[in-house]
Amino acid sequence: MPVPCNDWIKLNVGGRLFTTTRSTLTKYPYSMLGRMFDDTRWASAIDQDGSYLIDHDPNQFDAILNYLRYGG
Amino acid sequence: MPVPCNDWIKLNVGGRLFTTTRSTLTKYPYSMLGRMFDDTRWASAIDQDGSYLIDHDPNQFDAILNYLRYGG
Amino acid sequence: MPVPCNDWIKLNVGGRLFTTTRSTLTKYPYSMLGRMFDDTRWASAIDQDGSYLIDHDPNQFDAILNYLRYGG
Amino acid sequence: MPVPCNDWIKLNVGGRLFTTTRSTLTKYPYSMLGRMFDDTRWASAIDQDGSYLIDHDPNQFDAILNYLRYGG
Amino acid sequence: MPVPCNDWIKLNVGGRLFTTTRSTLTKYPYSMLGRMFDDTRWASAIDQDGSYLIDHDPNQFDAILNYLRYGG
């Protein structure tokens, strides 16, 4: 559970805030999230408080994030 | 998913915050939301943090926004 | 939907924030909310961010507000 | 509903914010909340924004607060 | 319920904020949370507002926290 500080990522998904780690988001390197949060790409829009903006249903994203955390 | 920064729109719907893109809101140009967020009209009230104020039930709006994102 | 800016009202109901318009709250002038938000009375307590404080169950208030918005 | 300003109390219960009045919290003077918010005792911890900290399940507290507001 | 001020702990679990006490979190000293919030270990990442970051499903964590508060 202790994770290097710069590995934490804040997301603003449709207006709801999520906090997770880069290793969770890039669990599947070839998924859309895996590509989006790979070190080599920083193209996404960022909110004024440093959250990555994602235009998706937060309830669906919640399920996706838990699948990345616990599933597979 | 990477979207030009100025295309993101914050909404305060009945007190709940939503974040989405102009392209989602204007998917149907002749709908009320399509007209409201068309470039040529800026008449709506804006909160002190830059959110557009909409006096609607946030639960209904949530469903409308997801219909615009995924439906149709 | 475009409403004069000073017509928007923020409410802190039991700790949950609501945003609506004076015209919604005063739809029934002789109701408790109608009297409370009538121009001639400003007696209610106001939070440091300008929200009117109301000591009620936010879930019940949510239903009341939607009744004022869509019902009747 | 108009209540003296200093009678409003903010609570941080397990991380969720509640707003209510001292008269609601002290409806039953001999209950734990009644004693905690009696004028003669100020021992509880207070958050940096002035909320009283209570280490309880917010969903249970929600029910307790509504019981104090409407029940009995 | 009155607890020494420095015993309160804020947690950011997957983006949702929780507030609790160290004594709740360390009820079982040999559990993961018990070890994480034992005085002798401070390795976990901390948010800019002083919340401990935990990459878990907030709904699951809610249940765990209430188990520590009331169960066992």
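A few points about this structure:
Each chain gets a letter, A, B, C, D and E, in the order it is written, and its residues are counted from 1.
Keep this in mind: a contact is a pair of C-beta atoms (placed from the backbone, for glycine too) under 8 Å apart; a residue touches a chain by one contact, two chains touch by 3 or more.
Since the model is a prediction, treat every value here as computed from it, not as a measurement.
Two copies of one sequence, chain A and chain E, touch each other mainly through non-matching residues, since under half of the numbers at the interface are common to both. Between the two copies, chain D and chain E, the Cα superposition rotates by 70°, quoted to the nearest 5. Chain A and chain B have Cα centroids lying 23 Å from one another.
With centres defined as mean CA coordinates, chain C is found 36 Å away from chain A.
Among the residues of chain E, none is in touch with two or more other chains. Interchain contacts close the chains into one ring where each touches exactly two others, per the touch definition above.
Neighbouring chains touch in a ring; in the direction leading from chain D to chain E, they appear as D, E, A, B, C. Interface residues of chain A facing chain E in the complex, by the touch rule stated above, are 1-5, 7-8, 10-11, 16-21, 24, 62, 65-66, 69-70. The part of chain C that touches chain D in the complex is made up of residues 12-15, 32, 36, 43-45, 47, 53-57.
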